[in-house]
Amino acid sequence: MGTRASAELEVFPNPKPSRDYTIRIDSPEFTCLCPKTGQPDFATLKLRYIPAEHCVELKSWKLYLWSYREQGGFHEDLTNRILDDLVAALNPRYIRLQAKFNVRGGVYTTVIAEHRAPGWQPA
Amino acid sequence: MGTRASAELEVFPNPKPSRDYTIRIDSPEFTCLCPKTGQPDFATLKLRYIPAEHCVELKSWKLYLWSYREQGGFHEDLTNRILDDLVAALNPRYIRLQAKFNVRGGVYTTVIAEHRAPGWQPA
Amino acid sequence: MGTRASAELEVFPNPKPSRDYTIRIDSPEFTCLCPKTGQPDFATLKLRYIPAEHCVELKSWKLYLWSYREQGGFHEDLTNRILDDLVAALNPRYIRLQAKFNVRGGVYTTVIAEHRAPGWQPA
Amino acid sequence: MGTRASAELEVFPNPKPSRDYTIRIDSPEFTCLCPKTGQPDFATLKLRYIPAEHCVELKSWKLYLWSYREQGGFHEDLTNRILDDLVAALNPRYIRLQAKFNVRGGVYTTVIAEHRAPGWQPA
Amino acid sequence: MGTRASAELEVFPNPKPSRDYTIRIDSPEFTCLCPKTGQPDFATLKLRYIPAEHCVELKSWKLYLWSYREQGGFHEDLTNRILDDLVAALNPRYIRLQAKFNVRGGVYTTVIAEHRAPGWQPA
Amino acid sequence: MGTRASAELEVFPNPKPSRDYTIRIDSPEFTCLCPKTGQPDFATLKLRYIPAEHCVELKSWKLYLWSYREQGGFHEDLTNRILDDLVAALNPRYIRLQAKFNVRGGVYTTVIAEHRAPGWQPA
Amino acid sequence: MGTRASAELEVFPNPKPSRDYTIRIDSPEFTCLCPKTGQPDFATLKLRYIPAEHCVELKSWKLYLWSYREQGGFHEDLTNRILDDLVAALNPRYIRLQAKFNVRGGVYTTVIAEHRAPGWQPA
Amino acid sequence: MGTRASAELEVFPNPKPSRDYTIRIDSPEFTCLCPKTGQPDFATLKLRYIPAEHCVELKSWKLYLWSYREQGGFHEDLTNRILDDLVAALNPRYIRLQAKFNVRGGVYTTVIAEHRAPGWQPA
Amino acid sequence: MGTRASAELEVFPNPKPSRDYTIRIDSPEFTCLCPKTGQPDFATLKLRYIPAEHCVELKSWKLYLWSYREQGGFHEDLTNRILDDLVAALNPRYIRLQAKFNVRGGVYTTVIAEHRAPGWQPA
Amino acid sequence: MGTRASAELEVFPNPKPSRDYTIRIDSPEFTCLCPKTGQPDFATLKLRYIPAEHCVELKSWKLYLWSYREQGGFHEDLTNRILDDLVAALNPRYIRLQAKFNVRGGVYTTVIAEHRAPGWQPA
């Protein structure tokens, strides 16, 4: 794995798959472009998940976020797409992503999406 | 859509209607007039909703709030009317509006109203 | 309604009785007298209620609080009496009063009481 | 009641026994001795209870805490003993005591114990 | 018990085994080595447990944490291993460990794991 | 003096002109229009002054700020104009005005201007 | 000295008159009446002084503040009058009083006055 | 002026050149690339200046910052270069730039540089 | 040196007497008795000094503070006495002691005293 | 330069030696051993300096701090030694180091030392 922006999320085997436990990853350094104006947008992403067989590799997560640096995206769409990518890569028991965008025009927007594996229940 | 105050709320199609997810919009720049004294009132509005088919367009929300600048309104009435407008425009699965008014006479007032689509349940 | 302390609570018709919504009123300027020592006591009152047919008029609430300025009262008793007065005036669906008294002798005391209309349930 | 440390907790009749309401008493000035080293320990006690027939008199609570000034006690034991004394004196519907001890050796310890009257249920 | 790092956790008898109560222990001074780079990692550990027959001795907990000073460990694995050691030593009714690691590469990671004794239920 | 927006600042005689003392007035409810876009701007004004013969009447200050509600003005110009009006009305020994505007486009702007009476020196 | 409001400030001999040292007394429980409306005003007083021959007795300061409970007074006048009373009673080397009044009409007012003994200089 | 990143800083005439006053501009959305690793860096820039004949146009400042998005730069060099560009464009009486970079490897770095016009003195 | 309260302050040689540097020691666990009521008082002590030939040994400082546990003392007198003891033991170039006492009767008191070696000047 | 602890501080040429500017480096991840007990100590180091010909390389600073991981050192001595190493490596115009050690025995200790190049004066 190099040090370039990459749309690929790498994973590693969950060291304790027998236990439902939570991993929280906060990333205050997310930036993309506004699809309307082309100008930079900034957000803090807060990820929480209960791994099944795999965990996301942290450096790969950082490079994945970097890959949005020159991409445009609406807040609502972007948050759901990142969550979908994480679900595809991790197939987690539970996952929740919060994207808190920086204020624009006096308005602060946050989008929060979650996903549960079919049939999984909190203990 | 111009840059004038407007009582019209514009919407766009929810990019992920298959998922129940939450959009939070905080607007600390709401101002209207006190219906008793005619003097300016100020409030912070906090909106949270789970979209169904539509999301509120952010610039339109900003112009909508602007349209209250020269209107009078009692705290309790205003909060319920804004919520009603949002329900009419968005027909959301769930929506909650909190209006936290600036202190007057040593008293801090906040009004919180919510609405659920008939039959909708949190997952 | 004048600008004198008054034990009377005035009300106005709830503008949206069809919806269960919450009104929060924080009053950091409550003062009464300690029934033991006669010296001033200070408290912050936090009121939250779901109105039924009536809402409390804010200026009247301020004058009502003022009426305690030269009255003595034990913390536990005072909080319950104010709640009872509010229940009598408003007959609300739900109401909760928190009185957080200033520290005395290194001890911080808060009293919290609530009331529900018989048969009322949160949605 | 004098102004000396006293292991005795005094009570007074609950002014509103017909209502389940909560009394919170925070006491940041608790100090005792470490049973291992004999050196002073410090803690903040946070008490919350729903009175039945009696409330604890605040000055008596202050003198009671003072009575630990020259006593040794392990964190876990001390917290349970104070709770037991309160239960014996008040026979409350519900009571909860949190003792947050000052850091020792880079470790912050808090002990939290609660008790419910048999058969009592929150509304 | 000396003052050397030690992988051994010492316990003492729970002074109040008849009551379900909670012990919280916060340790902001945890450090280990990154298994990839060999460089120091730092974390704050937050432990909460309901003891059964035994409580963890605080000095022994401090020496146990010290024993990680020259050990490598992935965040997810480390947190689960420390929880397993605590479960083995204490056999508690309930236990929860949160390990909040210091930021690396703009990413903040926290791992949270818990364990319940089979058949135990919160009151 | 009525309750309408007014560009007039009223003053009253300084009750203690023999002493250099400071009056601070913070006004978080200032709003005007952006001269470029016509959209509302918001700011918090912080005024500090040492009165000479006159003090500004607080209600008149409030009505004066209100008079900007439908006026446009660049940040730098507006702050200096308000300061000039205060100097003209009060002729103070010292005066300082800080206008902290709400964020626009990810940029937070504050303008700070002060004035001293010729020959006046701090003690 | 009893426990009644009293306009009299009592003093005691400075235990260390050979040293310039500072005494700070913060009193968040000041209340008086607004001379315009007759309604209660509230303020936090912050006193700092370097004693000469006398220090102010703390209980007497509390009773002195209490004596304003039913008095009216403009912010600027009140602050200077209290400072004058302190100067008369203490004749201090240096004294500074800050009165931070609670918000009224969206405006926060603070008055700060100080006095130095003729010829006294900070070390 | 378009909405593209631009290395050009636009200015406008100072509306009050006769007065020394301060303009503060905080920009929490600065990002560039690390010249060693090529990975994104993030910083908050805090600018304060006393204008002479010109002020910096805010939108142009935003576009100027945007122009660093794909540029590399060492912290110390970058801060001085931005300050030099501002001095060249504004020729201000006084200017100070603080660049607070996000943590890397457990280390938080801030660079602060200032410039004064020859012969200018604070009042 | 044992682990008993001790009025003796122990010192050790300053490891860098050629440099004027500052040592700050904050002690939030000071307790003594009120000389009027005999009841416990609590304070946070903040010490700052520039050592000459000696530094205060930290454990000895802790035991010294402990020695006040059963002593009475007025705030002003106590602070000056502790400073005098430190001056006698350390003979420092500069020393400053702040004692911030816990609130009593709604009044917060802090006493701050300092001492300089004759002829010493800050660099 | 590898990724091992190293007592060597590497430097690079100051990119703007013609200007006096400040570099702040905060390092909350410093750990060493207590020379009395052999147990781990923790501190936050805050460095501020005005470079002359050289700046400290950040990774080298991190490895330098790491080199203290298994060294003992008294607070006062350690702070002065680190400052001396920085002076030797950088020969800066001005430098200041603050070491804020974690609480031990209820006592918080901070040591602050600074150095100026002979003849250098702040602008």
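Note that the chains are named A, B, C, D, E, F, G, H, I and J in the order they appear, and that numbering of residues resets to 1 at the start of each chain.
Everything that follows uses one rule, which is that a residue touches a chain if its C-beta (ideal position, glycine included) is under 8 Å from a C-beta of that chain, and two chains touch if they have at least 3 such contacts.
Remember, it's a predicted structure, so these values are computed and weren't measured experimentally.
*Asks:* Quickly list, by label, the chains bordering both chain A and chain H.
*Replies:* In this structure, the chains that contact chain H and also chain A are E, F.
*Asks:* Please report the smallest number of touch steps linking chain B to chain E.
*Replies:* 2
*Asks:* So which of C-I, C-D or D-I is the twin of A-H, meaning more than half of its contact pairs are the same residue numbers?
*Replies:* Comparing each option in C-I, C-D or D-I with A-H, the repeat is D-I.
*Asks:* Check D-J against G-I and say which one is joined by more contacting C-beta pairs.
*Replies:* Result: the pair with more contacts is G-I.
*Asks:* Based only on mean CA positions, could you tell me how far chain F sits from chain I in angstrom?
*Replies:* Each chain reduced to its C-alpha mean, chain F and chain I end up 45 Å apart.
*Asks:* How many angstrom between the C-alpha centroids of chain H and chain F?
*Replies:* 28
*Asks:* On a C-alpha centroid basis, what's the spacing between chain B and chain F, in Å?
*Replies:* 32
*Asks:* So the centre of each chain is just the mean of its C-alpha atoms; given that, what is the distance between chain E and chain H in Å?
*Replies:* 46
*Asks:* Residues of chain D that touch two or more other chains: which are they?
*Replies:* 28-29, 39, 42, 62, 102, 104-106
*Asks:* For each chain, which other chains does it touch, given as pairs?
*Replies:* A-B, A-E, A-F, A-H, B-C, B-F, B-G, C-D, C-G, C-I, D-E, D-I, D-J, E-H, E-J, F-G, F-H, G-I, H-J, I-J
*Asks:* Can you name the residues of chain E that touch chain H in the complex?
*Replies:* Its residues touching chain H are 39, 42, 102-106.
*Asks:* Would you mind writing out the residues of chain D in touch with chain C in their complex?
*Replies:* Touching chain C: residues 14-16, 19, 21-29, 51, 55, 58-59, 61-62, 123 of chain D.
*Asks:* Where on chain J does chain I make contact in their complex?
*Replies:* For chain J paired with chain I, touching residues are 74-77, 79-80, 104-116.
*Asks:* Which part of chain H faces chain A closely enough to touch in the complex?
*Replies:* 3-4, 28-29, 31, 37-40, 42, 62, 66, 69, 102
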